[in-house]
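So that you can tell them apart, the chains are marked A, B, C and D in the order they are listed, and the count of residues begins at 1 in each.
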Amino acid sequence: MSFQDRIWLTTLVGIALVTLAFLHVIRQSGREEDPKTVQTRAYALRRWLFGGLIALGIVVTGASLWPFPIASQHGAPMAPQVVHVVGHQWAWQMDTTRVRAGIPVAFEVTSADVNHGFGIYDSTDRLLTQTQSMPGVTNRLVYTFEHPGKYRILCLEYCGLAHHAMIREIDVVDGTEEES
Amino acid sequence: MSILYPQNEMLESRERMVLNLYLVTSLVLFLVMMVLGLLMRLAQGAWMDMSPTLFYQVMTAHGAGMVGTAALASSAVMWFFLRKYVPLKTSIFLANYVLFMIGAVLLLVAIFIGKFAGAWTFLYPLPVQSLGVWSVGSAVLFMVGFLIIGVGFLLFYLDAMRGVIRVYGNLGRGLGLQWLFSGTVDPDHPKTVVASTMVIIVNSLGILGGAVVIVMSLINAYDPEIALNALFAKNLIYFFGHVFINITIYMAVIGVYELLPRYTGRRWGMSRPFLWAWAASTLMVMIVYPHHLLMDFAMPRWMAVTGQVISYTSGLPVFTVTAYGALTNIHRSRMRWRIPAMLLILSMFGWAAGIVPAIIDATISVNHVMHNTLWVPGHFHFYLLLGVLPMQFAFMYHLIGRDTDRSVSRSDRLGFWMYLSGGLAFVFMFLAGGHASVPRRWATHFPGWQVYDQVASLSAALVIVALSLFTVRICLGLMHTPSSAEPAPAGD
Amino acid sequence: MMTTSDHMSAPTAVLRTVVLTVGLLLVGVAGLGVATDGFHAFTTETARRVAVHRNPPAVPATVPLVNQDGVHFTLADLQGKWVLVDFVYTRCMTICTVLGADFAQLERELAEPIAQDRIQLLSISFDLARDTPAELASYLTRFRGAGPGWQAAIPLTDDGLARLEDAFGITVIPDKMGGYTHNAAIHLVDPTGRLVDIFDLGQRDQVRAALQRELAS
Amino acid sequence: MTAQMLVQIPLLLMAGILLVPVIPTRLRARAARWDQGGVSGLVLATLAMAFWMLPRSLDASTTDPLVALAKFLTVPLLIGLPLAFSWPRAGFIVRGVFLTEFVATFFRLGWLYRVSPIRLCNNYGLGDQQRLGNYMLWIGGGLLAWLALKLLAGNFKSLSPSSSPGAPG
């Protein structure tokens, strides 16, 4: 199950819960009950809901921010492979398009003109990770390719007329193969 | 049974005329912009040929047009209800409309004659660096158009600010800050005033941010030697853009607070949690914008964390106060099922459910694979198409209704269900596209992605038919002004 | 209910105010337009460039200069060639270093037309008190320039320097540490001795492109 | 540069404000008829301010004595005087628009001076310019904070229902 699948499932469950709450209330809306009773019950329930959401928030925040999901931007890149990327209207300039699998790659991404988005896609057109490509700023994206193969860079920030054509292929080769 | 049409909401003929201008213009613009949206989905689905040049122009028009129109229609809702509690000037309300229309004309000229296609976010430095696709002049025209629209809204907010201060002393008292920690909350303090005050504060600052970054971009356009810091410009643009579009919800939700209790026949009282929710939202709407910049790794880490944490917490007031309060109000109330009531519930659902994909996307690790995919338009269409617009339609339907109406007409019922099913299918196609990693803002899609675009096109068409039904009904209704909204004979 | 009586009290005053305000706006915006060369030049530097593009001024041809080898010459001696001029002082470790690197790079990139004697690079020092031909020579050596294609020179007189600064639009302010703050640019003088263009630091590519365009035509 | 923009010009502006009582009452009454709600005066002051915010103008005023003279005349007469004259008659909305624009201008200029890698004024150093930029951002932020505090928690006697709102009729 890919990361996207898990996100999708979580979202569907969340939306389904909201929908069930609404359907429940709508089904009951034809009946009549003393507003005071309804309110007392609802407010008691709300405390639990609020507390539950806070607790959920704390757990999710902790789990999703530790370790911090963005590589350190200071100092020299800590990855064994470094690729310098410059976005241009409308092409990707990279000092190499060949990297090794299983070993972290630091992409140092900037732009020569406008904002671009540096998105790495696998051969099934699934987005693996991304960062922004900005003039005057270098963003460091550290990623480890799991499998050798053909990958593609797609532009993910609207940058003008040929935005959708800003595609470049990269080769990920077996990590042990190219030692020399 | 509560009164649906209280005396103090009656309109004088001049007020009615201006309000009608707002409503009819909004409906027509919504229709046009939705057709533009449909064209984009058709082009992406390869069911229609459209050059990328035109596609991106259409995209720019759709974005700017929808944001502007949503704000226009929402400010009509706010004006209508707020004027019951504080004095507002019809002339200023009209001035906002006139400036909006002037700005809108400039935007359209910039886009369709000047070929400007820098997206509604005018992200620096794209507007002035198109590689010759459009001229700097048309970028300038576009930004000046925004500036003029911004001035119009600023006038409207200043007038509302003056009104709130006159009646309540200052904005803090309008917001009910004096009751946050102690004291007895005035049960009659209007929710409308609380929400309006929040909107006034937040969007005045949003407009200020916009005015700073737009003028700087204009200076840069003419004197490129004065280069701006792109990351700082991005911060200001997203602050302005986020606040401006968010505020359309907070203006329109006033309609829910005002109207829902009338259809349920139950009081929806003021409470301390409500005041806390709005005070917190005031702050959170302003500081949550870094969630647009999670993929800008050069941003300070604490800002990214703020973006993620505040995105989550800003959902809490919506879930636990507004949506929950609405549901409590409806629960076993023997609701009067009229079309405005149906739309109000839909709007609450759209807002609450639309927040789910939004919050999830604002998690940094999720953002890595969802940012700038179709997931993003997916989440905001969810709460704009199924949240904000239904709030506005509910208000409009309410206006043209009358106390004696007993049931929902067949065409309205049909329209409602078409809108609901079309809208749901439409936003789910966006979310599914995001799940499949389809990039946002691409003129052409890979063949594997086109099935989402095609289903989305069909659903969009359904929404457009539904909206056409609404538009005809509401416009006819506004023309035959119902007796209940006639000026009171002995009024003034 | 609120009635809108606010504007009713003095309709003529409103009308007058509207007329006056619109008039003021028209005059004001037109004035600002004139003051900024049609909203193109907000700074003195840009204004200078706009003026140069519109009406290229002649540079002072007769100011006596001495170069790094102690040879006396004037700008008139360079007529017939395209001349790239920058203004530096040799002790400068900031902007002038960037200018020096740019010139060194240009000297390499334009080696061919320089060999044909069609282009000359010239760094003029404004530090009359300290810079000498020997300092100039070591400045050139620092950048490994020093070929005949790149010369450095000092005006012999204060008056000559003032005339050059005025013609090229150079402002030099002594700072408190014995150095100077000055505006840095690459100036292009055509073979007839007119200043035809001014480029920023870092616009080396544009300089080269402009020269290649001119030489090709 | 800092001295010129944050000391000299404000002082000149102050001088203009002090000039108001010197103007004959009859003349003031006549001018008021062209200045409903203080709009014309504030527009005039805004335009004149815009001119003196151009780096070019500032530059020229230090090198060209004629421009310097123009500055000494126009800052009091075209900015200070109309400002002081029109402000009391400006209503809430007119003041609001003016103040919003005023604060925005501090942010714009501060930003400009701070980030501009080139010196906007040839007669001033880069350090001076960046320092001024910082000051302007602080002033803009301070003004905004003061306005926000005033609006959130302040007292507005003139707007209370008993007295007439904004522009007196």
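Just so we're on the same page, contacts are C-beta pairs under 8 Å (C-beta built on N, C-alpha and C of every residue); 3 or more make two chains touch, one makes a residue touch a chain.
Since the structure is predicted, the reported quantities are computational estimates derived from the model, not experimental observations.
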*Go ahead and name the chain pair joined by the largest number of contacting C-beta pairs.*
A-B
*Give, as an integer number of Å, the spacing between the C-alpha centres of chain C and chain B.*
50
*Compute the distance, rounded to whole Å, between the mean C-alpha positions of chain B and chain D.*
35
*Just how far, in Å, is the C-alpha centre of chain D from the one of chain C?*
33
*asked:* Where in chain D do residues touch two or more of the other chains?
replied: 118, 120, 165-166
*Return the residues of chain C touching two or more other chains; collapse runs of consecutive numbers into ranges.*
6, 36, 41-43, 45, 200
*Do you know which chain A residues sit against two or more other chains?*
none
*Based on the touch definition given at the start, go ahead and assign the chain network to line, ring, star, complete or other.*
other
_Pairs of chains satisfying the touch condition_ = A-B, B-C, B-D, C-D
_Help me check something: in the complex, which residues belonging to chain D touch chain B?_
92-93, 96-97, 100-101, 103-104, 107-108, 111-112, 115-118, 120, 144, 148, 151-156, 159-161, 165-166
*State the interface residues of chain A toward chain B in the complex, per the touch definition above.*
3-5, 7-8, 10-11, 14-15, 18-19, 21-22, 25-26, 28-33, 35, 38-39, 42-43, 46, 49-50, 53-54, 57, 60-61, 64-65, 68-71, 73, 89, 113-115, 117, 119, 121, 125-132, 134-141, 154-164
*Residue numbers on chain B that touch chain C, as the complex places them*: 8, 10, 12, 14, 83, 87-91, 219, 222-223, 225-226, 491-492
*Would you mind writing out the residues of chain B in touch with chain A in their complex?*
52-53, 56, 117-119, 123, 125-126, 129-131, 133, 229-231, 234, 264, 266-267, 295-298, 301, 304-305, 308-309, 312-313, 316, 319-320, 324, 327-328, 330-335, 345, 348-349, 352-353, 356-357, 360, 363-366, 368-373, 431, 435-437, 439-444, 446, 448-449
_Residue numbers of chain C touching chain D in their complex, please._
5-6, 8-10, 12-14, 16-17, 20-21, 24-25, 28-29, 31-32, 35-36, 41-45, 47, 171, 173, 175, 181, 183, 200
